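Quick one: the structure is below, questions incoming.
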């Protein structure tokens, strides 16, 4: 039980990543695949945040006296996550744009049927 | 005079020719001929000198070296002369075709790179020039389009195969001995294990053997020689394949050294014997295949392979007589094969590209000079006494018999008799027999074609009667290799086991010929009649109905043709096909389905983890 | 001395200024990449001598290395920056005539972003920063592949995007794991501590990073996007993708393996991987009818060769690998540019449509031939010293394994020769000799100038390889001496 | 010195011509007697030649004339290389190998000459002649190689000398087999039955000779005579130890020739394929066996 509570965020993060990857690997529909990618992203973000998280820690700002650095959450992962979210959104937006265009060309979003570029 | 100047003239001249062609056609023609002649003349002045210079230091850590000695002079000079004759021959040959600037540039580039190969003093520059030669040749072989395209691709693939093998050899030598300069490498292999020596030998022989068209590496040659423009076929056959010969001599006698070579293996499994036997096979099989050819240039191409077999046999056999014969035959073959290709080229030029032996005939009346050239050429090819080919072949037979290798001698001799058959067929089907009506109005070959034909014909006779001239040079090369020199007179060779005296023979033949001619002239004069005024045992011979040259050796053909398909070629082709199929199969992993691609990524990840768990790599 | 940060700032800043210039004149926008990259080229050239003496590092915002983001302009970084600027510059000239759409500001913005990303990747000293620049590079190349908006372009872009996104997710996880263990993102800092933790916990991020960057670097079997993307992108972008993008991916792998992890034991695996990639690339290209696909597969092969050379792990091996990398960048960019314009003229990517090009477009055909010969490794072109150095390095190991691998490489070379020579023949010797309808149409100057600068470079460096061997040697030693790298940044 | 050589040369040529023509006449006589006919006088070939020289002849052009001269000159030169008794004017100009080569000048010259005409029979004849030559050269080469390897020299004079010391070649098994092979191919070399197929008057009206008339025919007859002399005396020199003086030599070759005639009088004619197959089979096998034996037993000298 202790273990679970210790690692719950990691478990959650990696579950999200694997679920997302599974979707990417297994699903035929492009939109689903994009959602999968998005889930992977979320999982990674959760993972990064967890890295810097200290149970009961405070924001890393010396706002009042008595705050020690050990009790603060690591700010770096938060910065990373922010960047990663931005990148994720950019990819997501681009992917959706391309999905629309692809649908216009093929009339389908089934990736198993979109196989003109091969060999 | 600097050696690098020759190369500068050769390579610079090639480029200059291209640009001069944009300004004036005449200037380009003159320039092309001039450059090739200038190279030959400059090289002539290097006779009996030896020098060595570093000409370029910019290539990685390898100083590139040029050197000249009698050995390289002999090859370089022959190549330059044959090259300039071919260019003179091209003047009118190529005028009818397009892309003339390109043609001359490539031709000069090929000649320049060949001279570069010969003059280079280290293996890296050898290789660089070798590759330049390969691709420039490739660009010229396909010049005629049509079937020439397949010929070109075959040539370049084999050539690249060879040169990569050689590259491994060169670098391997460098990594073992830290040098690629001939003089420093020379003899170093004495201490190497025989396994390593054989490894080096095999690698180099793939490259050199492909260039020299040794069976079973010959398959590029017949199509390439027959589809290339004829003057270039002369260069290809006369000189380019001899670069392979040069390389083999260089490898055996300069780098590996004769004493190591002769001790490589024993008896029948010695390197010497194996290469010699390969040479003998190279004589026999292509000779018989040449018999079956109906295309003049293809016939000559197969004949080239066969003659290259004599050269290899001579060089690999390793006695001083055999090596002399190999080198002498190289020289002779350069002359007569260039001549024969020019003869065929002249006919091809006048008949607008016909070289099918079954549709020509009777051209002797129309192109007498060309015919005489052809006659002397085939005499040289067969080795009729008093032509140059005789002496070199005599030398090889003799040394093989005296040194107790009758089977090799038998192969060589039998090859000669095959040569008689196919070369007579060549001459007969082109120049003798019945003249087809469409060629009634044929003109003589233009002067620029006749000139090289005449000069080369005279050279054949000259070196046939006075073989001492080239043999003297060859002798001094041989002493440089540490072989015992021959006893040479201007008219032939003296030795305990057999002497040859061409001048005696010449006088005898000449006097007897005169005598018979006098009897012939002195007796009742014969009446001249037309070609079709024939005795036909009471029937009449219809004109233009039959072509007697078709299926000239029909009976023999029927007998031997089932055994003489070019199995080696089939083998290579099926190899190519299977690589193609393999490629097509492998391509299918890129299925087009992105799901698979994502799985590949995951599998790769899994593979890496698996490897780590299994073998603990890091 | 110029600040190397300008190499990133100039293209990045100008990228977003492109739309503004539209208000001044619509004609001016196509010159912005030209000037930006010209500036980059000049800056990197002026930095070049300094860098050879001592690597330059810049701490952004004044935060010192382990904490702040820093730029490291070592010989390797500047070598890549120079290559990127050079190829980008020349391709931007090519785009003058090649990109003809009315609203082309998107092309130029994305183009500049792509090159910004690439330059950023090679100059940064911070692993997360590297990831960010890498993403900039990737996202702009996804969109550029789809630039024409045609069917194959979109399809390839989508596939590229999916694979790329999976790859970058893996990279990000790897970076997270590294950060979790070391608490730092500075590469030098991580590198100095890498051996202080248990190997298994280093191994997972290493594997993740190799796989993630491997997608962009087109290592088999992560390269399925490449033939699609290269063949459907505009030719100028194909040139950039093949000449820069995959090289930058390779840079990332090399940086991770050599500098970050110092993982010399993985090199044996990469050695085989390189040879397999090479063989598969060449075999796939062998029977290809689509010229751009053929070139793309050939790129895979070349990458395999470079990976092989770098994984030999000796100084001469890395030297050779980098030389081959430069050679491949120049030659392949040239090939894509030349082929691109020929495709533009013939209207088809089928090799057979190139028949008679030798007459129609003599200069472009000539350039293509030079590029093909160079790729195959014939002297006196740049490909030859590259191949020579690689073989030398491999055979100097004097190991039977290396000899066997060398023979496999050479087998691939022969296959490569076969298909390139076939195209050269098609260009010059196939088709009707001269049909009156096919007049000579020489490509515009803006195509010929970059193409011939490439030709010039290929020939000059091919004849005089010493021109670049100096910087290659110091780059190679930078890669091999991680201690120096760490010491430079964390004194 | 030079004078003696020239005298020797003239002597040999004249004598060889006379002997050759005598053999030609003799062969017709003996053939006739075997067939129970009376036959022409032995001098008939000579009479024919004189007659032919006086007849009108027709020529197709330069090569037509040149070929026949070339061919005859080739045959005559061979004579100078063969030891006639002990006389051999060109003993050190290349030996047996040159003989081998010079022997091919004769067919080549005839072929060239015939090629100038547009007669189909000529073409067929030439083709057959060259093929037949190719057929018998294979065993011939093996035979000569065996002899040369056995004596380890290429000089025919040397071979004869060594036989004087050690007895005839026929005494060695290794040379007996090639000797028999030589006898088997001799009719092919001479164009006698069953290898008449080159001329085959009934079939292709004399083949290469179809166009010859007058002096051309005379010259070919002379050449034929020389050929008989050459091939028989080559055999005698190689296998029967040559001879110490011309008279003895003549007797030897006469004997060989007569035996040979009797042996060959009874054969029918071969087709060209049959001929080649025959030549490549038995004589070649015999000669090959000889060569192997020589190689196994080692050189005797």
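Going by the order they are written in, the chains are A, B, C and D; count residues from 1 in each one.
Note that a contact is a pair of C-beta atoms (placed from the backbone, for glycine too) under 8 Å apart; a residue touches a chain by one contact, two chains touch by 3 or more.
In this text, all values refer to a predicted model and were calculated from it rather than measured experimentally.
Asks: Applying the document's contact definition, name the chain pair with more C-beta pairs in contact, A-C or B-D.
Replies: Counting C-beta pairs in contact, B-D comes out ahead.
Asks: Pick the chain whose C-alpha centre of mass, unweighted, sits closest to the average of all protein C-alpha coordinates shown.
Replies: Ranked by how close its C-alpha centre lies to the overall one, first comes B.
Asks: Considering only mean CA positions as chain centres, point out the chain farthest from subunit D.
Replies: Relative to subunit D, the chain whose C-alpha centre sits farthest away is A.
Asks: When the centre of a chain is set as the mean of its C-alpha atoms, what distance in Å lies between subunit A and subunit D?
Replies: Result: the chain centres lie 100 Å from each other.
Asks: Starting from the mean Cα coordinates of subunit A and subunit C, work out the distance between those two points in Å.
Replies: 29
Asks: I'd like the Å distance between the centres of subunit B and subunit D, where a centre is the mean of that chain's Cα atoms.
Replies: 36
Asks: So, what's the distance in Å between the C-alpha centres of subunit C and subunit B?
Replies: Once rounded, the distance between the two centres reads 43 Å.
Asks: Among the residues of subunit B, pick out those that touch two or more other chains and give their numbers.
Replies: Expected reply: 587, 590, 594, 598.
Asks: Any chance you could list the residues of subunit A touching two or more other chains?
Replies: 21, 24, 33, 114, 116-119
Asks: Draw the chains as dots and join the ones that touch; what shape do you get: line, ring, star, complete or other?
Replies: Looks like something else, not a line, ring, star or complete graph.
Asks: Looking at the complex, which residues from subunit B come into contact with subunit C?
Replies: 58-60, 98, 127-128, 131-132, 134-135, 138-139, 142-143, 145, 148-149, 152-153, 156-157, 160-161, 164-165, 167-168, 171-172, 174-175, 576, 579-580, 582-584, 586-587, 589-590, 594, 596-598, 600-601, 603-605, 608-609, 611-612, 617-618
Asks: Enumerate the contact residues on subunit B facing subunit D in the complex.
Replies: 362, 364-365, 375, 382-385, 390, 394, 397-398, 401-402, 404, 406-407, 409-410, 413-414, 417-418, 420-421, 424, 427-428, 431-435, 492, 497-502, 504-505, 508-509, 512-513, 516-517, 520, 523-524, 526-537, 541, 546, 548-549, 552-556, 558-559
Asks: Show me the residue ranges of subunit C that touch subunit A in the complex, using the header's touch definition.
Replies: Spelled out, the residues of subunit C in touch with subunit A are 128, 132, 135, 139, 142-143, 146, 149-152, 154-159, 161-162, 165-166, 168-169, 172-173, 175-176, 179-180, 183, 185, 227-228, 231-232, 284.
Asks: Given the complex with subunit B, which residues does subunit D contribute to the contact?
Replies: 9, 13, 53-61, 63, 65, 68-70, 72-73, 76-77, 80, 90, 92-95, 97-98, 100-102, 104-105, 108, 111-112, 115-121, 123-124, 126-127, 130-131, 133-134, 137-138, 141-142, 145-146, 148-149, 152-155, 205, 210-211, 213-216, 218-219, 271-273, 276-277, 291, 294-295, 299
Asks: Within the complex, which stretch of subunit A touches subunit B?
Replies: 21, 24-28, 33, 111-112, 114-119
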